[in-house]
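Heads up, there are several structures right after this.
Each of the two complexes below includes chain A, the first together with chain B, the second together with chain C.
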Partner chain A sequence: MSSTVLTRLLRSPADIAACCREDRDTRAIALTSLIALVLGAAVFGGVIGSFRGGAQIAFAAVKIPLALVATLAVCAPAFHALAAGLGRAWPMRSIIALVLAAAGRSSLVLLALSPALWLLFDLGIDYHAAALAASMAYAIAGLAAIGILVRGLGAGPGRALTAVAFIGVFFAVGGQSSWILRPYLVRPRTEHVPFLRSREGGFADALHRSGRSAAGIYDRASAEGSGLRSLPETTRDVGEAE
Partner chain B sequence: MDAHAPSIEGYFPAPPAVAGPRSGGADTVSEAAESASASVSVSVSVAMPAPPVPPVPSFTANLLADDAVFSPRREASRFGVGLGLASIYGLALGTRQGGKALFTHAAFVPAALAAVVALGVPALYIALALFDAPIDPPRAVAVAARATARTGLLLAGLAPAAALFVVSSDDARSAAGSAIVGLVVAGGIGLTRMVGELHGSMTRAPSSVRARADFAFFGFMIFAVALAARVWWAALPLLRGAR
Partner chain C sequence: MSLRDLLILYAVLGIACAVAIYRSSTESRPRAAMAAALALPLWPLWAPVALTSSRSRASSTWAGDSDARSPGARSPVSEAAIRVEAALREGVEACAGTSLESLLPRAAAARIAAEVKRASERHAELTAVLGREGFDLGAADKRVIALEKAGSSARSIATARLHLENVRRLVALRDRDARALDELADLVQALRTQLTLARFAGSSVEGVGGIVSEVWARVEGLGAALGSDDVPIDDEA
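This part shows the complex of A and B:
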C-alpha cells in the first residue's frame, strides 16, 4: 500500500484518473485502492452494525466490503464494454484501475465519516434517522467516487452518456448485490440476527412493492406469492433491515 | 532529403559488459579496444535514441478499429467474434433455468444480430444505392461487422450483471425485464453507432442525398429493432416468462 497513491487518491483525483486512462502506474493504484476499499468499507460496516451491536458488527463489517467488491467485479466488464461501445476502447486493466480508484476514494470518505456516524448512534438517534444518516454518508462517498470516474473518462464525445451508463449499471448491480447480502442496519431490540435474510425477490421488486405501499396499494397476493408469510412482515422486513 | 541515415549501431547496440571477475592477464590492446567500443556505444546511444516501441492495441481497440484497408477475412473474423461474445450474454440468461436453456439462449441471442446483418444490411445498401449515397459495399460490410462486434462486446460485458439479476430475481417478469434492458442497451448502442458511422461517411454528399439516406437509415433502424425483437421474443424462453 503506497501512501503516495493514497494521498493522490484524495488530493489529485484528476491525476489518478489520467494515470488510469493512460495505463500508467495502474498496479500501484489498483492495489492501494483495493486495500483502501476493503478497510474503509469494513470500518463503515462495523459502525453500521454497531447500531444493534454484538455479532451484527462483524456481520456488517464483512458484508459491506463484500457487497462492494462483488458489485465492482460484476460492473467492471460492463464498464469496459460500455466505454468501448461509446467510443473509449481502453484496455480492461485501465477500466479496472479506474473503477477501483473511484471505489477506494469513496471508501476513504466512508472511513472518514464513520466516527461521526458512530457518535450519532451513540447519542441515541432512532432507526429511521440512523438509516438516513448512513444513506447520506453513502451519497457523499458516491460523489467522491464520481469525481474520479468522470475525470477518468477524459474529454471527447459521449463522455456524459458513458458516465450516466456507468452510474446506472453501478446502482442497479450495487442495489441487487446489497439486497442479497442484507441486513446491515438492524434495530437494537432485534433478538436474533441472521447473516443473510431469506430470499425475498430482488431489489427492483422491493422498490416496486415499497412504491405501491407508499401509494396505499398493498399487494397481499404478490407478497404471499413471493414466499412471504404475511403482509405486516413484508412491511417490517423492507422497512427495518436495509 | 538531407536527413542523416541512422547508423546500424543505433539499432543494434553493443552488448553489455559481462559481469564477473576479469582475467588478470588482459592485455592493454583489448582494454583499449573495449573502452573505444564503449565510448562509441555511449556516443551513439546519446546521439541516436532507440526508436520508441509503439503500444500494442488492446483486444477491444483492435476489435473496434476502423481499418484503412478492407479485408473480407478480417471483417468476417470480427463478425464471428461479435456473435461469439453475444452468446455469452445468452449463456448468462440461460443460467436461470439451466440445462438446455443455456444452449437455447446462447444460440438465439446472437441469432438476432446475424439476422439483422444478413437481412437488413443488404437491403439498406440497395436503398442507399438507389438514393445515390456514396457508400460502397466494402464500407457497408465493414461498418456492419464492427457494429456486430460492438454489440457483442456490450452484451458480453453486461453478461455478469444479467446473470446476477436473472438468478437472484424471484419474479419471472423481473428476470425478463433485466434481460430486456441488456438487450436494448447493447442493441441500441450498436445500431445507433452503426448508423452514425454510415451517416458520417456521407459528409461530402449533397444535402438532398443525405436527406434521402436518412430516410433509409430510419427505415433500417425500425426494421432492425422489429426483427431483433421478433427473434428474441420467439426464441428466448426467459422473455416469455419461463421460470
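This part shows the complex of A and C:
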C-alpha cells in the first residue's frame, strides 16, 4: 500500500484519474485503492452494524466491502466493453484501476463519515433517521467516486454517455449484490440477526413493489405470495432493515 | 450450477491466477507471494492488473512531457526500462527451478528492476526540467553570445555563462542516463538469451556468470552515479 497514492487519491483525484487514463502506475493505484476500499467499507459497515450491536457489527463489516468488491468484479468487464464501444478502447488494467480508484476514494469518504454517523447513533436517532443518515453518507461518497470516474474518462465524444452507462451498470449490479447480502442496518430490538436474509425476489422486484407502495398501491397478493405475511415478527423486523 | 459449484470454480480460477502472478512476478519472493495471495479472493479485479502491470508506464516517465501523453507514444528510455523488465522476467522464468537459479535469483532481479526504474524516473524528471522555459541549451548559448556582443558587464556575462554551464551539465546527465539504460537493456537481454541457452543446451555456468557480473557492474555504476549526482547543481557550481 502506497501512502503517496493514498494522498493523491484524496488530494489530487484529477492526477489519479489521468494516471489511470494514460496507463501509468496502474498497479500501485489498483492495490492501494483495493485496500482502501476494503478497510473503509469495513469500518463503515461496522458502524452501520453498531445500530443494533452484537454480531451485526461483524456481519455488516464483512458484507459491505463484500458487496462492493463483488459489484466491481462483475462490473469491470462490462465497463471495459462499454468504454471500448464508446470510443475508449483502453487496457483492462486501466479500467479496473479507474473504477477501483473511484470506489477506493468513496470508501475513504465513508471512513471519514463513520465517526459522525456513529455519533448520531449514539445520540439515539431512530431507525428511519439512521437509514436516512447512512443513505446521505452513501450519496456523498458516491459523488466523490463520480468525480474520479468522470475525470478519468477524459475529454472527447461519448464521455457523458460512458459515465451514465458505467453508473447505470454499477447501480443495477450493486443493487442486486446489496439486496442479496441484506440486512445491514437492523433495529436494536431485533432478537436474532441472520447473516443473510432468505430470498425474496430480486432488487428490481423490490423497487417495483416499493414504488407501488409509495403510490398507495399495496400488492397484498404478491406479498403473501412471497411469504412476507407469514414471516415471524422478529424476522420481519430484520426484513424492514436494508 | 449451485452456489457450491460456483465457489469451487471461483477458487480454482483464483489459484490459477495466483500461480500465474507468482511465476510472472519480477519482485522479491515475499512481495510476489503477497501479490499472488491477494489474487486468491480478488482475482477478477487484481489478476488483470497484476499480470499486465509491467506494460503500464512508470508514474513520472511522462511528467511534463505533454507531447508524449498521446496514447502509444513512448520515449526511448522508457522503452529501454520496459525491455530490461521484460528481459529480467523472462530470465528469472528461464532459470527458475534449475541450477542457474542462483545466478539470477528473484530478489536480485527485483533489485535490478528497482535501480532501472529509479534511473528511468530520474531521466524523465531531467527531461521535464529541460523542457521548461529557461532551461533551453540553445537559448542559453545565444544569451551569452548576445551579452558578449552587446558589451555587457563582466558580471552579467559570467552569470549567463554559469547558467549555460549548468544547463549543459543537466543535458549531459540526461544523455548519460539514456545511454546507460540503453546499454543495460541490451546487456540484460543478452543475459536472458544466455540463461535460456544454458538451460536448454547445458552451457557452463561460468559462461553465464561473466555476463551476470557485467550486469551487476553496470547496475552498481547506475546506482552510484545516481547517488553521487543527487547533489543540487547550484551547490556543485
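In this text, the second predicted complex is superposed on the first by the 229 of 242 C-alpha atoms of A that agree within 3 Å, B and C clash if a C-alpha of one lies under 4 Å from a C-alpha of the other, contacts with A are read in each partner's own complex, and residues count from 1 in each chain.
Note that in this section a residue touches a chain if its C-beta (ideal position, glycine included) is under 8 Å from a C-beta of that chain, and two chains touch if they have at least 3 such contacts.
In this text the structure is predicted, and so the values were computed from the model without any measurement.
**Student:** Going by the contact rule set out at the top, does A:G85 touch chain B (first), chain C (second), both, or neither?
**Tutor:** first
**Student:** Scan A:A73 for contacts with chain B and chain C and give back first, second, both or neither.
**Tutor:** The answer is both, since A:A73 touches chain B and chain C.
**Student:** State whether A:A172 touches chain B only (first), chain C only (second), both chains, or neither.
**Tutor:** First partner only, chain B.
**Student:** Please tell me which partner, chain B or chain C, touches more residues of chain A.
**Tutor:** The partner with more contacted residues on chain A is B.
**Student:** Does chain B (first) or chain C (second) touch A:D205, or do both, or does neither?
**Tutor:** It touches chain B, and chain C stays clear.
**Student:** If you lay the two complexes on top of each other, which residues of chain A touch chain B in one and chain C in the other?
**Tutor:** Chain A residues touching both partners: 73-74, 91-92.
**Student:** Please name which positions on chain B make contact with chain A in the complex.
**Tutor:** 58, 60-61, 63-65, 150-151, 153-161, 164-165, 168-171, 174, 177-178, 185-186, 189-190, 193
**Student:** Using the touch rule from the top, collect the residues of chain A that touch chain B in their complex.
**Tutor:** 73-75, 77-82, 84-86, 89-92, 165, 169, 172-173, 176-177, 180, 199-202, 204-205, 226-227
**Student:** What part of chain C is in contact with chain A in the complex they form?
**Tutor:** 38, 42, 44-46, 48-50, 52-53, 55-59, 61-62, 69, 71
**Student:** Which of the residues in chain A end up touching chain C in this complex?
**Tutor:** Checking each residue of chain A against chain C gives 19, 22-28, 30-31, 34, 69, 72-74, 76, 91-93, 96-97, 100.
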